């Protein structure tokens, strides 16, 4: 009876917060303990975040012992995996010879910017996959492409009215980093060092350009590209977080790439919203039906999915487009995916760094061929097939293909109006030394493909209802085209003697 | 031992989170077991979804035994309710004589498209109500109305610049199904059959038009209208899901009908967001205060609400507009609700299939009268009264009425500008053989009522703050009108000799 | 013993859902009991809401006994705190001599509108802080400022086309209350009384203007300003609710002040979305790392934050801008915060009630000085420092400062185009007796600062990615400017003889 009595208050008092009955955690290294001794009070938030992470409870030695399909580490650990948990020092002390941002900090050589190459010590396959992800190249693909660089400048430069109309300053680095490069990633370089007052007295720290940033294509001081924290936010680096749709919303919610908005209204998103709180986002492998009832972004595009008997439905992919035949957004026209994730080397027949002509014909030699596209579509369809019959899936993809055709056609129509303006001298196009993106009618053209065609295609791809119609969808595509036509007429009236030149 | 015994009921009583202590589930029928034998591995996701559903745990025979107010089935079961759970076969084998999509599948005659008439075997009242819901008629009301059909074409057709300006192709079926009909519902018809490779060898399946689709007004191969899965997504068909606001967001989030967006910022939506995770969405009847602290869409418009003593506050309604006096969106002007959910028979004085004249006067004989409107408003107000005093409720509805007046007035002003354009030859209106929705100024007019007036009215109806002001609200109504006025001036300048014709 | 042993794991497994074992609640007063006797059935929803609140479980006498840092009441209770819980009567019977809306209700003198001064009986410091919050002055700052009053009229008036173009009626009170004043707060005044049928027979109630309303700057019948229920919704008045981001979304989600939208895509918002369901929103003080892993709106701007050892990181503030150096939205240009929360007394050099000239130069004597701004920025940075190193924080604020510069510059450019239109007679500006906000080009100018510049600045301040670029961000700033330039050209073509006048 005594035990029973003793039990009651215990159960009542501790129960609501019982921690996970985890096995005793692996030990913390001495170096990490030294970090914690100060940072527990210097930056308590991230320490707490880390303490709640799998990294804080598991050593690589334990992690490799898991059955292959359940394993979250993919490296071979040639020197043997460590028996200590993955703490501050385990990541920030890595590969200091490669890190231009390595510096002496209280007797330890640490670097500030942990890179995919650092994570690769345990997660080699993921880092390798990610290097082939077009997102890893997001910095160069934007800034190193003459056309997109011009678009970026037309957005970020400050314009001023002058005697000859509006002129623009070049975009300054702070603005660009805060704007396009927030998602694409900045170039982080060391520019000397500076002393800083801290709770422990003055200390010397490296000075970094482009800092802070967690963009997907960040150029890191160790020469690598990308930031794993873009999706697995610091310092929990949680699998569950990256599997929830919000993880993608940081960069995929705007009118240029409304994937997240479309997902939220799709049947999948509505089921997630209604029932997702009960799903298991931490299971490896991830089993449809058992762990979740409707896919999140990660389920279709990235996660290792298996059936209940351990059969692999889709391999884990940090390249992500290996389940995607079509590139729905980014270029002026939707096309097949590029062969190489580095798109700066692409040239179309007109010599422009674009995967299609300005009139839509694909620069085929730079793009994956039909067989590869079919293979990728097949990989995606095997995810769909967990819940949907073949006729459902086929009907869905047929509509998506048509949607690509019609949105490309509506983009071509807008391009033709733009060319009429350029040819007729109603806007200064490249042939007259003008930019592609400056003038009002050029910006209307940009919205045609960058906003409205993209929105329709995402809606078709994911079941996004109004994002294919009134919410930046077909309605906007059709309305914008008519507005461009009227704008041309009015420009003509305002510039007597000039006329749109019909081809 | 006494204490232990005393503890047991306590533990049980506090256990609201215990997995439902369901009685042993009713048995699965042989036919359903045969389905499961293959589909457990063929489409494991939907099988798992069903296993988690009430259908998988309860037989109709058990369901009818519940006290009337708690009952989720409404049929009389003339032949007696089944003792087996409601599984695959119980729905897909139903009424095969009526189903044009019925086919032989491994020895069973099943149909693909489960319709409201199939669900009516157990849920007769809900199906009956839904047949009177304007949503059930969403396909015909859109495609069979000459005006709205024209709007649909103006959105979905591909436009191309030609010598005489932009011309449009008719919308192709795949596009329309992916666009407007995604929500309104497609026409699903059998067009022969086709062989398909499956894990069990080649099989023959019907080929369906308009598939897949779960639109609210889907025309089904058994001749019925609607899809219960539009709100109760497959294959859980969950009551809780349909009661959560996200269920409605699939079709009610765009600028044309921003109900969900407005709800999220309303006081009700904010309370739902902050506290809704603790509410009981499965309780029947649904008791305000006990089961939830602020209404969701379903609470105001559909659910059976009762007080704690079993008094009915509002009867369950799948017609939904029986608690709604006003039709806030859809037509050019907000009006009383139509008498019949089939609106294709409505004609205004000008002979157009619209519930008002183009200048706003109601086609009164087709609309509910003041007494009926008052009755419906009363039904809604008795929901409000669970939390709000009479003066609060009156003040609220007074503002809504004013909002309807002012938004209709701002729509009339836009219409007058449009008529000036038509009369003056600055746009080709119907009198000159033009369409209602093609040209830029016509599309500006459409946004006046379809986007901005709707947004204001929803904001007034639900407390939507900025959706009544800067987020597509009164600001947009006022700005768009000025933009139309300037657009007219500029069209005039671009077409010398033509003038807006003031009436 | 066997049963006991068997019970242990069972109890442990169900325990996480045990209801809070609160101490026996303090007693309910007789007066409150009388309220409950009727209102339990008259308005069961709000009674249930209150029963779930801290007010229903705790008396002021218990509340004051908490250690200072954990205390939720701040008053000194000169007459001693009550031993009864805070129920209906405790709030609605307060200060009836000050309440113009006090009336006799079944033998009790109660008032309808509970005001900050009523809440101050227990929460004196919060009410005092709030009185210095610019939000408390939101009614007067809007309606009592000649410029903003004009903006409000230009939004809410009904426009009609006439022989001389569009003319507008003055906005009617019902519309204004439903529009701008929904958030800013209405003026609530007693206008006689009226009899009303109730379940208990006819009763007399005061008739109130501007009712219902819970706007932040509501003018109450007791002469005070504000509504605590704007954030702590009735009748739970929950701390947790106000700490969740949705609380702010009611008024801070539109294009004019997209704080909530920006937060949702920020790293903080994404972590909240993914992990926030496990955080403790009720803890006082609120400890970063222990109670939450990423800040919500309240964490940065209002809540009392402490470290795990009881050290205060940031004091609780209902003034809110004491951690904010810059006023990012509201005025035409972002500036330092005003010295006084009542901004109606501000005059710029041109005599306008604006904190800057129309060309951006600050009306410095009305604004906080650099030292005060630095102090406030320091207060905010000490919140950031819980998770971020100094170089991260510095980099972040440097970009924000640049963002303020560039958005102000892009606003100035738009203003210069507007002045060209006014000076050239292409729009009727104030010098010609026109308004500031009526015409199309004036409204384009408004969106430049009110929508696009604000969006960019919020994105910079909170890490909002696309809200700084394509989602109403720099793209829109740049596009709108070009559209204004073309609009000017077209107005010129439509009004031969008139020309934009370049300064």
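So that you can tell them apart, the chains are marked A, B and C in the order they are listed, and the count of residues begins at 1 in each.
The criterion applied here is as follows: contacts are C-beta pairs under 8 Å (C-beta built on N, C-alpha and C of every residue); 3 or more make two chains touch, one makes a residue touch a chain.
Being a predicted model, the structure only gives us computed values, none of them experimental.
Engineer: What are the mutual neighbours of chain A and chain B in this structure?
Structural biologist: C
Engineer: How would the chain A/chain C interface be labelled, same or different, where same requires over half of its residue numbers to be shared?
Structural biologist: Both copies touch with mostly different residues.
Engineer: If you average the CA atoms of chain A and of chain C, how far apart do the two points sit, in angstrom?
Structural biologist: The mean C-alpha positions of chain A and chain C differ by 33 Å.
Engineer: Which residue numbers or ranges of chain B touch two or more of the other chains?
Structural biologist: If we look for residues of chain B contacting two or more partner chains, we find 4, 7, 277, 490, 493-494.
Engineer: Under the touch definition given earlier, write down the residues of chain B that touch chain C in their complex.
Structural biologist: 1, 4, 7-8, 11, 14-18, 264-267, 269-271, 273-275, 277, 288-290, 293, 307-308, 385-392, 395-396, 398-399, 402-403, 406, 409-410, 413, 416-417, 420, 459-460, 463, 465-471, 473-475, 478-479, 481-483, 485-486, 489-490, 492-494, 502
Engineer: What residues on chain B touch chain A, complex-wise?
Structural biologist: Result: residues 3-4, 7, 41, 43-49, 52, 112, 154-161, 163, 165-166, 172, 174-175, 177-180, 182-183, 196, 198, 205, 207-208, 211-212, 214, 233, 236, 238, 240-241, 244, 246-247, 249-251, 253-256, 277, 438-441, 443, 447, 450-451, 487, 490-491, 493-495 of chain B touch chain A.
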